[in-house]
């Protein structure tokens, strides 16, 4: 079992129980995982073709010519409508993430004159404050799981706690999936918790690669391994194995 | 020459000099007059087919099957966009209008429990505060040209003067055309002025049928009589003579 | 390894745990099942515009069910007139109330003049903003419309908001804050839909039906015809697929479901029937016979039979 | 009586005073004529999205004309990268700056990391509201987006606005007031247009080009092909006619005018050329040869010849 496929099954798990929302994962593994969820246990979510329609059928990633069974029109303006309505669960990447889930995809070294310009705020400020959001970090190190992010693109639980009611009422930071494990914020003080660890990973590896104190539960579960049926479906979604370039095996 | 045709030529005159705006007259004579303007001296305005498109060609009023040369899509949402952008000149009716141009199409006898419910505010509040507006009153009497309107749907110059800058900066009450004459507000105190009188109408008739003191200029002009070419075009726009049912001859 | 047929059709409905197909979302309901979700005192958003593409079969079902104390939010047409005539309407919130070919809804006129209903009247564009604010879950959107007119006097609950930014002369413009409508259930009528509730308009204008669907806690969609998802593009371009099923809680197949309002290209307005309806506002005997003949029917189908039999009788 | 041929074609262009036909609106311009309307220091709105349907032939004309101190407002793509590389860009106001297949615009990256340009960065949805506010001529639209993130720290000029309405717990929600963008000239690229400037998109998404057109004091539209008004529906449904000419001051026929960005269905992105362009951000020699070969051309046509000759050379 390759690590990437475990990650993808756990990304899919982020969307378990969802229906009648736009499942909107961004990036290679998130798209594969989101489409796996829709292809299996979450068929009632809607997903885009990554261009401008909602497609009922499962599309191979990056295949512009795959036949689409179109449910509805979804140009960017409609995506913002859906975003603001709250009927959306997005999975974004995070170049940096801290213990309360503050995410940075904007810049390293501060915004004014960054050492490294990253993607920018993109839709993160609006996503986080309007609907459920999960994150995907393919390279879990102390440089990605940091004690303090350089810029806050997507606000975490501490920041949103300061905003308070009613501004924070739709904030719902769901999970973080990394190449080492799955994390959530189901702790009394909303600090990040190791929810499950991928088979083959040691807890010490997670701790060593995290620049903040992470909550480790007493009876830690192992991340789920995809079934053979799921692996077949993953191969359909990602026939050219883009996923393996994103995640290193142990 | 029938009075109605004079009215229609003067309605058309309201749009002289306009280009690259939505000429949006509402009601029988206004639509005929607006289409006459576009068919002749104001070809660069755009007009709707009264349903959902902007049509380049001149359409007979009420003819759902007339071929349309469609310039652009204009569902109601787009009409509001255009309205708020200011690139529109509307001509509305007025059940009551006062000396500062306050218009009532909402109710007689106050809003709370009206003696007579009229159309309502409709788009008048937004129209008046966003772009040029003219009015059409087919029956000029003391009950329509009143000293005080029962409800203000479209605000006149006194009301907008109270709002002041910057709220009033797009307010532009252009003209009022009635079955007796043409009126504007080109006076120092923005009271209504008789701009021209229709051929065959006496000034006394206007004064007697107006419940406020109207400004009469020293050298009063006669309203324009449509040319024969215009009359031909009016017949094309209104082949079933709907216009004659709206305006009585003297 | 589990045996699954790897086809586009199959793979989107496979549960790896139970190793079986998951049923595809099916939200088909009857009018009665929709109306069972509506309670006395609720606020109902109604799509369409005037006497155009109104979800009349659902309105008739509300009348049959006798739900009381309703508030209707709409670019108003016969739904407001009918529900005020039957005494089920407590309050109307509207941009206008019209039958188009009859400029003022006659039963609405009566209701207003007798003080039978409460009324909150907005400028037409301001109404759009109240709907959009609800769809976007912000408490208000600002507009200039209403300043100087009696809209603010008529609705003393409306507040102004000052722009935090100065204009070029240093002034902070005051605008009217149009509050987000608080809608419990929206009802819209589409030309086509699939069983999941993806809606399609084939006529000239969507009106604001997508915003009604987004603005409400629950939305029910009636349609002329339910088609398979893969057939949605048979009759209109992708731009006509404007209400995604995520905003729809149930879908009702109701052929001629907008009668007597228009639903082009499927059918035009039944002007003759509309005139008949309009005439009942001024004559209680006419209303009583209209009510007993058309509103006491026990289904949309029977209503249509009564409508059609009238034509045959002539 | 005046002799006029009473045909649909004729009667909309007849002047009763002069008794002659009035010319039908014709706004066709060249790239140079458009650029002559743009002055140093202006704020330019640019339609499209990332590396999709950008009005590149107009951007190239701005580069040729050497207009300085520009502010660009856009869902940014190569227009921001190019104008910062040529030193003509003073400030960028954006929701993002991307080449899509290359997630971060590489020249923009350099400009930011060297502090060469000022930057005002918005949440993508907040950007939409700033554009819509400008189109609707209101000073701001409110949104929740930005609260809790560093968007407010990054843009200290942004203010909050408090809702005048209490929520159910009695609290008045504070929102970010996104100010209307102040755009002098907008540039958009359409698939088709008529000579009056009615624009048509035939690809998957209009993006926000209608709002750019409305939001600016003047708007210029380039297009792949100018067609007769009566042919506008030949290739797309009425829903694709989304920019009426009242918002367009001039229209330029520019086949392949969006190169190297995509303009489907007319053509896709020239990924190879985009890679070539992207590589120039890290190598001043490469940039110099790119600049002299492609940006010092004297017309869009010559630019295309240079692009095509490169392919032939290979």
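Before moving on, here are some points about what is shown:
Going in written order, the chains are labelled A, B, C and D, and every chain counts its residues from 1.
The rule is simple: a residue touches a chain if its C-beta (ideal position, glycine included) is under 8 Å from a C-beta of that chain, and two chains touch if they have at least 3 such contacts.
Since the model is a prediction, treat every value here as computed from it, not as a measurement.
In summary, the chains found to touch both chain B and chain D are C.
Spacing of chain A relative to chain B, judged by their CA centroids, is 57 angstrom.
Centroids of chain A and chain D (each the mean of its C-alpha atoms) stand 32 Å apart. If you average the CA atoms of chain A and of chain C, the two centres end up 37 Å from each other. Shown for chain D are the residues that touch two or more other chains, namely 136-138, 143-144, 167, 173, 239-240.
Counting partner chains per residue, chain B shows two or more touched chains at residues 52-53, 84, 130, 170. Chains touching one another form the pairs A-C, A-D, B-C, B-D, C-D. The residues of chain B lying in touch with chain C in their complex are 51-53, 75-77, 80, 83-84, 106-107, 111-126, 128-130, 151-155, 159-160, 162-163, 165-168, 170-171. For chain A in complex with chain C, the touching residues are 19-22, 38-41, 43-44, 46, 52-54, 56-58, 67, 69-74, 78, 81-82, 84-87, 130, 170, 226-230, 232-233, 236. Here chain D touches chain C in the complex through residues 136-144, 159-161, 163-165, 167, 173, 175, 177, 179, 236-237, 239-240, going by the rule given at the top.
Residue ranges on chain D touching chain A, taken from their complex, read 49, 94-98, 103-104, 108-109, 112-115, 121-126, 128, 143-151, 153-154, 167, 169, 171, 173-174, 204-208. Interface of chain D with chain B (complex): residues 1-2, 4, 6, 8-9, 11-17, 19, 22, 24-25, 135-138, 194, 196, 198, 210, 214, 229-230, 232-233, 238-247.
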